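Pasting the structures here.
Here come two complexes built around chain A, the first alongside chain B, the second alongside chain C.
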Partner chain A sequence: MAEQRPKGISRRDLLRTASVAGAAAAVGQTGSAAQEPGTASARAATYEHLTAEEAELLEAIADHLIPADDNGPGALDAGAVHYIDRSLGGAQSGSRDDYHSGLAAFDRYCRVTRNARFVDLEHTDQISALLDMQTGGASGARVGFLGSSAALFSMLRAHVLHGTFGDPYYGGNRDFIGWKLLGYPGPRVSVTTVDQRRLEAGELEAEYQSAYDWDSFVRSEDAEDA
Partner chain B sequence: MRRLPEKDVAVVGLGAAGGVAVLPLAEAGLQVVGLEAGTRLTARDFSPDEIRNNVRAWPFASQKANREIPTVRATSRHPTSRGSTHPMMNGVGGTSLHYWAQSWRLNPWDFKTVSETTRRYGARRIPDGSTVEDWPFGYDELEPWYDKVEWEVGISGQAGNVAGSIHPTGNRFEGPRKRDYPMKALRWNGFLEHMADAARGLGWNPFPGPAAINSEPYQGRSGCRYHGFCDRGGCHVDAKNSTAVTTIPRAEQTGNLEIITRAVATAIEVGGEGRASGVRFIQDGEEYFQPAKSVLLASYTYENVRLLLLSKSRLFPNGLANNHSQVGRHYLSHHQHAPVSALFPFDMHAWYGLPAQGVAIDDWADDNFDHGGLDFVGGGNLWVMSDRKPIQAANMSTFGRVPSWGSAWKAYVKNNADRFHYTYIQRTTLPYESNRLDLDPTSRDPYGLPVIRVTAQFKDNEKAISDFVQDRMVEWYRAAGAVEVQKGGEPNAMPVSTHAYGGTRMGDNPETNVVDRWGFSHEVPNLGVLGASVMGTSGAHNPTLTAQALAWRTADRLAESWSAIAG
Partner chain C sequence: MVTHAFRISVLAVAVASTAIAGASTIVVESPALRTGETVPREYTPDGRNLSPPLTWEDLPEGTKELAVVCADFGAGNPPPWVHWILYGIPGNSVGLPAGLPIEPSVPMPAGLEGAIQGHNGWGISLYRGPAPPPGKAHIYHFTVYALDQKLGLGPGLDREELLEAMDGHILGQGEIVPTYERY
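On to the complex of A and B.
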């Protein structure tokens, strides 16, 4: 979990490690990313469509959007960036250019306005930079956003939510983190009147699984592509 | 081009409308071919998967309809834009495979909007620029076909007016029906009971809405399982009464219906006497001609209009059945915008259910209330439903209380994901001279054929209705104890819609209508048009049941008057 890092090691350091690991994975090396499961570096090693730098930046952004905190694990733990990476090879392949150019433009924006890459900024500066992206203000800086930076932010937020709260079949919502956060009692194929009454009485047990753990459904083609 | 053996009737499109019309035709012994651009889907295709159904809009993706998405502009002076998805799908059963399945009759007032408005408020109450006409017949004429569809397709609901006898637990404002629904209404959950109580406290008349969904086993298929993936999802137990599981298989069992899937119709051909002679279509890159003695055009409103406009010939140089320049006119899409959302101080337990399961209020619909002191005609149906999925829930409004991300947002959705609600409101929308469909001058589909261009905007009457019924909804939410209530805005241009009407309007006057009172072209007597494109008014309720009743009626007419129409 993101908040279980050893004392004295900053998130930035962890993300740097992740970057190296991602780069190693990108050139086909394995082993160097062998860290504890669930660390940023272990996650980074598995990306296929995002570059190491993009993955590092996207992880840092996702960690701001839905952070791990007192209310439980967040988007990183749920594997939201992993979900996005997979989708870029399938259903969202049309968004690849938006990711490549958008993330690069945002990093340039951070260097131009705050003299550092996003991942190297202080936490409060990261938040202000994200707000600039969200409001559309960042695209005024002519650092290469294809459209409004607000459109990029909307896309990133939407995809992070999909990867946190969607069916785990697509690579996100690991350990049903998103569903547990919302109090969703899980997908079912039948909810009887008695089930509904028990839900309303607080007595319905949550049941978590992917739709495709039922063998009665044809698997989604776009997920197999991903 | 390969010429196929002639059939009696070619039906273009096997969705909600074409899918019911094939049954009376096949049962009458006519040889029918259904040309369907999509394929067949089954219950195994309908997984409980929000990513697939709602985020990635499966199974709309890669569909024929998606290659011909209409362009949109508010008026001829506004810029034109084009969206990325078409709201309807192709497939045997069409959009009835995955629609919400709300199956309403129109109110009697909707058939007689002009005469009833004039009688009660004076002719000047009809908004300037509106081309609205009374339908060529009243509610009573269509009642037998409403009844037929309700029982043959299978509708659950609570009757409010059986032969003039008012049932207070149903819709007291509905027109008289000869008998009850074949199935009881879908159940209510605790939150819906709570909303109904609040409405009664206001002196209103809440009732469960009608749905083409089995509330109990019907015709050998299961009752609804309320699992929560009905919105944009087909039914995994065939409890949603799409034409794919009701009328189409029964028509096939007669041996008189042949279905050709993956058939993309490109034109309706006419013979020397100006009669429809058949349909050209493309299947897997091969071009075919399907000759037929009669053609029923039953794709969606946009494609009905497009196919007619594309079917040009010496006798119909401006498109088939368009020598009076009425094809594409009198277009409207339902005003379903300007929503109202609310936050309650308690969990609603709304994770399971379906959009067709809910509480309706018709006190503010149509002419069910006195418009004497108001500046508009028509009204809206308020619909409170039980529909919640995780991604949708996480995207809830935060009512300006917290940012849309970060720890504060996360805490907010954790506490409130099951406390958010939004209302679906459908409002009367009238046709206007300046709202219309035509062929886009630049955007084309992969065959090089122009797509439809929508030029339409909501006018003052629709905006006044919208404001009025939004305020009623705010009242209802407040009465039910909502701690936050928020009114949403409306678009300037009418967006591409699942409730698109007109373009081939039905009426006795050929100068202002494309089809006659039976649904056949004034200009091409053996060409019928099915679907909401023949409807001249929307009312405040979903169009499908009316489109199906009209389609069944047109098919009955064709079978009964076969030699006069097709001979």
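On to the complex of A and C.
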């Protein structure tokens, strides 16, 4: 397990630095190293709740937050945007309008301040635009943010983290990419002190499966139905 | 439109907020910024938000290192709100180009080797330009400090830590004080 974690980056660092400046600081140059962007028509066929344009923008943002690089795969490989799309039809359905309006506002922000769509900007200008969303500076540009752009950034960041490191049951963390990246050995019924020491020493054997594949774990709504 | 009276008040605040007794005055200029005038959008989040170019002259004899701080004394809790910190600037440098790196992996331009961007009010180590709430112009102090020795400071300092480290080492200082307002 431990050998799969990027050298010099702790689990805590990975989660703490999943921001625009932080990601660049922790893992070096960001970029779309993992997968080529799909076509708009392919995206439209793939996503249920995001439009092709929204998905393209969200994929580009997610790729900056948790990039694929020499240290390992990133949010796109983990299927974080697919997780978000799926959740917008379920647990995060209340955020659907926030996504539609927020992504549209950010797209306008990039066109107004930098004369291009986010996905067409140079790498440095992409980071700069994301920083302006993260710090709230984009809010006052009168491009249609309904609240602080910082709140939008926090929501996107949280959902990208969920989609990368959450339980695969919910549609992200494809092939347990996020857990491998963190060095998390998978959910267990119990963790003894010996297990803990072995985990910290990188010796604990991974058991990769969704928590819901264990009989002991029950989804809350299932429990309510029982 | 900036009135004459407003320009005077800007200058008064500038002197009151950051002057160090006994320090000589450095002439700070910029191809982009003027004291009492509006910061061009290019150097704010209403544009590309590049760090602005600065130049300086009349450095005191014995200047070994320089530092730059951009702060808004009309914001922050407590004030000021810090937009930019740069220290470890070589003492023989004559200014800063526009658009210093915003990625840690990108080195400083030639002539600025060793310069470090410290933590601003957002807790990130780079420049973020004026973004005041709409309806009122804010005043931005771009202050340049000349120091009598290389302080050997590491990364991650905020304004308070930098001022503490510079205490007793400031040979001179100067500033340029533009404004910005959003509507």
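Here, the second predicted complex is superposed on the first by the 158 of 226 C-alpha atoms of A that agree within 3 Å, B and C clash if a C-alpha of one lies under 4 Å from a C-alpha of the other, contacts with A are read in each partner's own complex, and residues count from 1 in each chain.
In this section, a residue touches a chain if its C-beta (ideal position, glycine included) is under 8 Å from a C-beta of that chain, and two chains touch if they have at least 3 such contacts.
Owing to the predicted nature of the structure, the values given are computational and were not obtained by experimental measurement.
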Chain B versus chain C as contact partner of A:Thr124, first or second or both or neither: second
First (chain B), second (chain C), both or neither touched by A:Ala116: neither
Partner chain(s) touched by A:His162 [first = chain B, second = chain C, both, neither]: first
Which of chain B and chain C A:Ala104 touches, first, second, both or neither: neither
Which superposed partner A:Leu181 touches (first chain B, second chain C, both, neither): first
Partner chain in contact with A:Phe217 - chain B first, chain C second, else both or neither: first
If touched residues of chain A are counted for chain B and for chain C, the larger one: B
On chain A, positions contacted by chain B and by chain C: 127, 134
Chain C to chain A touching residues, read off their complex: 41, 44-49, 102-106, 122, 124-126, 128-129, 131-134, 182-183
Sites on chain A touched by chain C in the complex: 21, 24-25, 28-29, 113-114, 124-125, 127-128, 131-132, 134-138, 140-142
Complex interface listing, chain B residues touching chain A: 44-52, 55-56, 58, 61, 187, 189-190, 225-229, 236-237, 347, 349, 351-353, 390-391, 393-395, 404-407, 409-411, 413-414, 417-418
Of all residues in chain A, those that touch chain B in their complex: 64-67, 69-72, 74, 91, 127, 130, 134, 157, 161-162, 164-167, 169-170, 178-179, 181-185, 187-193, 195-196, 199-200, 211-212, 214, 216-218, 220, 222-223
